[in-house]
Every structure is written in C-alpha cells, then in structure tokens.
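Here subunit A shows up in two complexes: once beside subunit B, once beside subunit C.
Let's look at the complex of A and B:
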C-alpha cells in the first residue's frame, strides 16, 4: 500500500520534472537532464549491491556499456524493435553477466569481488574492442530516428521520458527492497556476514540477487546511450568516469537508504553538467574525485546522515 | 600459424624480461595488500606519478631516469606515510576500512590521474637514456637493453626489500603485523606505526617501478588502469604477501602476455591478465603458493 503511494508520488514528481523541462523550452535541458536521470538509475542500481549489502562494484562501466552495445547489436539486426524492448534485452544480458560473475567471486572476501569487477570491465572492453561487428575500436555510428512510433515529439524528449520512467522504476524498486525481507537480509550481510550466515540468512543467494538486479538496472540505463550519443566507441562506453560517478554519488548522498543515491546523483550530476559547460570536463571530474575522498573521510554517512541522528 | 623456434624463443625471453618488470610494479601491492591488508587500488596511479617524476628529471634536467627515481625514494616514502596516516585516522581506527577505504583509494586513483592529465595533457611521454635502443644478441635470441635493464633493477629492488624484511628489526615487525596484528599489540608494539613504515615503503617502490615503466613504454596518465588488473592478478596468484611468489607469478603472466601478443596480436593482451585473475579467483583464491 505504502509502496503504491510512493510510486504514485514518484510518477507525479516525474511528470512535474518533464513539465518543468518543457516550460524552460530549451533542447539542452533535455540533453543535460538525460545525463542526470541516467546517473539516478546508475547510482540507485549501484547502491542495491554496494550500499545495502556492502559489496563494492567498480565495474559499473562494464554493465552499462554491455547494455549500450546490446542496443548497437539489436539496432543492426532488428532495427524495428522499440527502445523499451531493447532496454529489457540489455538489462537481462547485464543481469545474467552480473549473476555469472557473482557466482564466481561472491563466495570470496568482498575485496576480491571488487577487484574482479575492475578486471571484468577491462575484459569486456577488450572483447568489444576486438569485435568488428559492433565497430571494434573504431566505434559504431547509430542514426537517431527523427521521432519515435510511440511518443509524439522530439526523439531527445522521448529518450528523456524513457530515462525518467526508468529512474521512477529503479528508485521505487530500491525503496521497496529496503523495506522488505530481502532488504533486511541485505543489511544483515553488510553488518556481519558470518553472523547472518549462522542465523540462517541465505547469504550467497541474496548476494546473487543483489548483483543481478544491480547489473540489470545498469544495463537498462546503458541501453538508450547509442541513440543519445549517436557515436559509441569502447573508450567512451567503458569510461572510468561512469564507475567513479556511480560510486561517488551514493557515498556522497548516503548509502543506507534509497534516498541517498538520488540526492547524490541530482547534486553531483547537475554540478558536473554546469561545471562541464562553464569550466572544463576534466576539472569537473577532478571535482568528483575530491568530493568523493572528502566525503568518505569527513562525512561517512553522506548528506542523508546530516539530517538523521 | 608458423611456429618457428626463433619466434617462440624470443617471445619466451621477452616474456621473462617483461615478467621481471611486472614484479617491480607489483611488489608495492604485495606489501600493502598482501601483508598489510590495505587494498591500495591507487598504487598504479603512484607508479605513473613515478614515471612522470622520472620524465621531468630526465627531460628537464637530463638525469638518468633510474638514478633520479632512487634519489626520489624518500619523497615517495613520505607521500606513502602521509596517505597511510589519513587512511589510518579516517578508516582503520573507526573499524570501517572496507567500503569507504576502497572508495578512498579509488578516489585517489582518479584524482591522481585527472591531475596528471590537467598538468601534462594526454600526450605520450618518453625518456632518453643510453640503454634505450641497443640490444644484446645471443644467436637468434635478442635481449633488448630497454627490457634487460628494468629486469635487473626490478630484481635488485625486490632483493633489497627482501633483505630488509628478513634481517632488520622493523622488517621483521612488518612481517609480524602481516601474521597477527593482535599478537603484536599484546607485545606492546604499535601496529599503526609499523604499518605506516611498511606502507611508506610500498609507495616508495612506485618511484623505481614508474621509472622503469617509462623506460619500457611511453606513458600517459590513463595507462594506470591497464596495470590494476595485472598487479592484482600477480599479487593474488603469488599468494598475497610472498615476494618470491610475486616474482614467479609475474614471470608466468609476462610469458603468457608475450605469447598472446606474438601469436594473436597486442590488442588481446590486456584481457590475458584479467582473464587470469578471474580464473585464479574462481579456482584457487589462495594463489599458486598460498596455504589452503
């Protein structure tokens, strides 16, 4: 019941966001807003594994880029497929990869899982770089359709709306999980895995669920990327900045609740969009790194932690 | 595929030499991750920093990159001590080293990389030294000095560290911390102080490792990432904290990479290390030489 209410509220917030973006009437608002929304999804997805269960994933870029490259493949083979369907496929593929990698490494200490995710990002990037069908290291050009069959108006606005819906879905899911049996199991793992295992919490199964969910959402967030950038190469798809941002946002916002990553993504995402336009993109990335280090040292509970006692 | 002896022999020799160099790159992490249990994923960034300091010493002042990196050891040691101090106060003493500690080092990796990009740009940098270029020839086998000198320097570095660990009081204390920090505390010794020294040494090794890196290949800030997987693959496979294990694992990886790039093409070689790491973690997380 409360979940339903929350979803309704989230949809209202989403509609208000879209209306506000429409009112400003500048196409750039949709371009910049898309990136911020994408980070809400990524940060929320990361937090389901990283914040709730305490396993740090450095491989966001891999899951994200796998979703994006799934779209490239689908665009070349079945171009008539609508974007939401492509996103589902991308999400399933990333989720399954997450499951497989989790199965290999989640029985070890958390640090090994983290290092393995870093490793996976490079393996995936090497595979894509050597795969000519998706453009290899030259990259792939994707022609953005003029309009969508299921949405009236500009295609960029369509992408914006799709990402807006995905963020409503992922934030609602994260919140529902947090207050469910699943969520309590996750936090038991985070607080003391041995104790959780001893009290009968099926830790491996829960960790696998978290990894698959988290990876799947990241893949879905990456799926529309080729249509957004229209040119995708491995270096930009697998950019380390995705991994850094996705870790920085929940840690700055606060990892214990669903709200933290949302706050972190909106603040940091907007800040970066502004800094990229006004200063330079390298400097805005430096800002993210400094904020990340500053927050983990000085404010371990993030922004949310300032308001809760 | 024409499997000639020349090609095979040369691939084997250059793999061995490359492996010796990888051992120097990894030895810092063998100390910090293997012995002190500090997951310093920013280590490759400090190695690149070492490459750039050697580059400046070489291109601006005309010094030999390896000699200048040895002169700079104390500076890197102090940097390591400073970083460990922040890490210790912020994470270890709060008992919160896992997630936030990892994020801290990840942030450091990123800050170092972006700062280097902002200062030096993304151009590849090279150094100049008399041993870059010529090769020794033994029959059909070529020994490029550009690989041989780093190989020797690397083994000397690891040998010196091994002597320090085995024969000095502090070195033995570091090994004690690695084995049982609680017992050390009961002996009224302060593990933080010893870990600070050991972490300083691990970062100091990055100065020399960076200098030999820039002798072997041109350097730009983002290549740090290619080394994360290699370093941790070697460290885990070498049995976490074993110097001899590190050398053997580094050579195995070096030979595998050299064969891959000779027979399949260099674009596949990054995947070798990571594939290796994933397989090691999945099958034998204690490493080749680890217990259990």
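Let's look at the complex of A and C:
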C-alpha cells in the first residue's frame, strides 16, 4: 500500500520533471537531463549491491556497456524492435552476467571482490573490442530516429522519458527492497555475514539476488545509450568514469537508504553537466574526486547521514 | 527412551596436520542442560562450529532431530532449530536492537512455522522484554554495555525459535551478578523446553547449570557424566591443574 503510494508520487514527480524540461524549451535540457537520469538508475542499482549488501562493485561500466552493446546487436538484427523491449533484453543479459559473476566471485570478500569485478570489466571490454560484428575497436554507428515514436517531439525527448520511467521503476524497487524481508537480509549480510548465516539468512542466495538485480538495472540503463550517443566504441562504453561516478554518487548521498543515491546522482550529475558546459568536461571528473575526498572526511555517511543519527 | 535430539558419531576435524577434534561421540536428549568444558584450545569452539555448520567436519556424522546435518550450510541448520550465540557478541551494528532480533524472526522462525509470524513486531518486543532490553529497542548495539550485548545475542538466538541453543561462553568477562543474570535467563529458556549446551570456563556457573558434563581435552572427549563426579575424576583434574 505504502509502496503503491510512493510509486504514484514518483510518477507525479517524473511528470513534473518532464513538464519543467518542456517549459524551459531548450533542447539541451533533455540532453543533459538524460545523463542525470541515467546516473540515478546506475547509482540506485549500484547501491542495491554496494550499499545494502556491502559488496563494492567496480564493474559498473561492464554491465552498463553490455546493455548498450545488446542494443547494438539488436539494432543490427531486429531493428524494428521497440526500445523498451531492447532495454528488457539488455537488462536480462546483464542480470544473467551479474548472476554468473556473483557465483564466481561472491565467495571473495571486501577488496578482493572489488578487484574481481574490475577484472571482469576488463575481460568484457577485451571481448567486445575483438568482436567485429559490433564494430570491434572501430566502434558502431547507430542512426537515431528523428522523432519520438509515441508523442510529438524529437527522439531525445523520447529517450529522456524512457530514462525517467526507468528511474521511477528502479528507485521504487530499491525503496521497496529496503523495507522488505530481503532488505533486512541484505543489511545483516553487510553487517556480519557469519551472524547472518547463524540467524538463518541464506547469504549466498541473497548476494546472488543482489548482483543479478543490480547488474540487470545497470544493463537497462545502458541499453538506450547507442541511440543517445549515435556512435559507440568500447573505450567510451566501458569508460572507467561510469564506475567512478556510480560509486561516488551513493557515497556522497549516503549508502544506507534508497534516497542517498538519488540525491547524490542529482547533485553530482547536475554539477558535472553544468561544469562540462560552462568550464570543461575534464573538470567534471576532478569535481567528483574533490567532492568524494571532502565527503569521506566531513560526512562519511553522506548527505542523508546528516539527518539521521 | 526416544532418539536423542542431537547425536554426534565419530566426529573429526583437522586443520592441515593439526587434529582439532577426533572421534567425538556425543548424545544430547531433548530438554537437557549439558555443560561442555575443557582447557583453552581443547576444541570446544571447533565442535560448536562443526555442529552449527560454520566449519565442515572431516569425519563422522551429526544427526539433529532425525536430520543428517553433514554438508548443510549454517543457515539451514538454524532453520532446523540449532541456534548459537557467539563467543564475542556479533550484533548487526547498523541495525537497531529491534531490527537485530527481527532478522532471525523473518529468516528462521517463519520458515520453521511454515508461515510468516502473525505479528513479527510483537514477537520481537516479547523477546527484547524477556532479556530486559525493550526500553532500548530503537537504539543501536553500540550503545549497549557488555552484558546487554550478551543479552541481545541471546534474544537474537531465541528469535529463531530453536530447539537447541548452544551458548558459547555467553558469560565470559561478566561480573558475579551478571553471570547470575544470564544463568537465570538460560534456566528460564530451558524451562520453556529449549535444550541447551553451555560452553563455559566459569566453573561455578557450569556446575550450577549442567545436568551432565562433557570434558574435552586436546580434541578428545575424556569424560561424560554427572558433574559432581566428573570434577573429581583424576584425569579431568590433571587436564586443568596439571599432574
């Protein structure tokens, strides 16, 4: 019941966001807004594994890029497939990869798990770079349709709406999990895995659920990317900045709750977009670094931590 | 006589070349209060870990309530009805006391009952009330004193509605009065029908509590029987005091 109310409120917020972007009337707002929304999904997805369960994943870019490359493949083989369907396929593929990675690596703890996820990202990037069908290291060109298929407006507005809906879905899911039996299990694993097992929590199964969910959402966030950038190559799809940003956002916002990643993504994502336009795109990464150092020192529990004990 | 609740047959555990436990035979009847003693390093905690599934035994078998336990992961054993408290309390630090107790209610108790408890919140309050921590239900474990931490540990083990409770040095480091508190709590749980294995160094507590005493020395069981007889047995005295 409370979940339903939350989803309704989230949809209202999404509609208001779209209306506000329309009112501003500048096409760039949709361009920049898309990136911020994409980071809301990525940060929320990362937090399901990293924040709730305590397993720090450095491989965000891999899941994200797998979603994107799924779209490249589908675009070449079944171009008539609507974008949401491609996103679903990308999500399933990334989710399954997440499950497999989890099965292989979740017996590792702490830093060792993180290193394994980073290694997995490198392996995935190498495979894609050597796969000619999706362009290999040359990259792939995707021609973006001119107009939105469902409402009057250009395709970027459509991408914006799709990502807006995906953020509503992922944030609602993250919030529902936080207050559920699953959420308690995740917290128990994060705090003390042996004590969690002794309390009857099936730790391996729960961790696999978390990696699959997290990876799946990341894949869905990456699936529209080829249409957004129109040219996708492995170096940009697997860019480490996705992984770094996605970790920085929940840390700045606060990892313990669903709200933290949302605040972090909106704040940092917007700041980066503004800095990119007004100063330089290189500065945006510097900004992440400085903010991260600042928050680790001054507010280790993130912005949400200021308001809770 | 019916089959024992817990039956350990020929259990062995080695770490590399070191034999931690060898050929342990043990039976515990339903409702019994068993004391398990032995000098440091005699294998008490290893035995607990083998019973609870934290470690896997290399030899022998463990049967609990008619179920073979060998190979089952720890959470499955908890769901079958074996609960353990840790030697050093291991609460979930980011959760409140109420949430700490809620985890096993959600994950162990409901599975055993085959349903989600009608009112997990009430059961959680009952348990915290039982150990006298209800007033601090919304606090975090970091705010607790040592004895309160032990009581939280007991409340959390009881939240899984166990048939067998293994209290691994639940009283270490506590004062005289505090030991009596925990002892009274364990006696009350036993009165409710929970079988208890107590691992303890405080002889006063073990002797007051146990109906039967088992002594481990260097990974072997050297004595098993009436507590008063056991503590007079020459090899037990020798193991503790030297001969």
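Quick note on the criterion: the second predicted complex is superposed on the first by the 304 of 309 C-alpha atoms of A that agree within 3 Å, B and C clash if a C-alpha of one lies under 4 Å from a C-alpha of the other, contacts with A are read in each partner's own complex, and residues count from 1 in each chain.
Quick note on the criterion: contacts are C-beta pairs under 8 Å (C-beta built on N, C-alpha and C of every residue); 3 or more make two chains touch, one makes a residue touch a chain.
Here the structure is a predicted model, which means the values were calculated and not measured.
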Q | subunit C versus subunit B on the shared subunit A, clash or fit after superposition | A | fit
Q | Of subunit C and subunit B, partner touching more subunit A residues | A | B
Q.
Quick check on the superposed pair: does A:256 touch subunit B, subunit C, both, or neither? Answer first, second, both or neither.
A. second
Q.
Under the stated touch criterion, which partner chain does A:175 make contact with: subunit B (first), subunit C (second), both, or neither?
A. neither
Q.
On the A-aligned overlay, A:75 touches which partner chain: subunit B = first, subunit C = second, or both, or neither?
A. neither
Q. Which partner does A:297 reach: the first (subunit B), the second (subunit C), both, or neither?
A. first
Q) Touching A:203 in the superposition: subunit B (first), subunit C (second), both, neither? A) second
Q: Have a look at where A:126 lands relative to subunit B and subunit C in the superposition and call it first, second, both or neither.
A: first
(Q) If we overlay the two complexes on their shared chain A, which of subunit B and subunit C does A:191 touch? Say first, second, both or neither. (A) second
Q: Would you sort A:137 into first (subunit B), second (subunit C), both or neither based on which partner it touches?
A: first
Q.
Can you report the least C-alpha distance between subunit B and subunit C in the superposed arrangement, rounded to whole Å?
A. 8
Q. Same subunit A residues contacting subunit B and subunit C, which ones?
A. none
Q. In their shared complex, at which residues does subunit C touch subunit A?
A. 52-54, 73-76, 78-79, 83-84, 86, 90-95, 99, 102-104, 106-109, 111, 140, 156-157, 159-160
Q: Enumerate the contact residues on subunit B facing subunit A in the complex.
A: 39, 41, 86, 90-91, 94, 96, 98-100, 102-104, 106-108, 110-111, 113-115, 117-118, 222, 225-226, 228-229, 232-233, 236, 267-268, 270-271, 273-275, 277-278, 281-282, 285
Q) Given the complex with subunit C, which residues does subunit A contribute to the contact? A) 181, 184-185, 187-188, 190-192, 194-204, 256, 309
Q) Which subunit A residues qualify as touching subunit B in the complex? A) 50, 54, 56, 58, 101, 104-105, 108, 110-112, 114-116, 118-120, 122-123, 125-127, 129-130, 137, 240, 243-244, 247-248, 251, 255, 282-283, 285-286, 288-290, 292-293, 296-297, 300
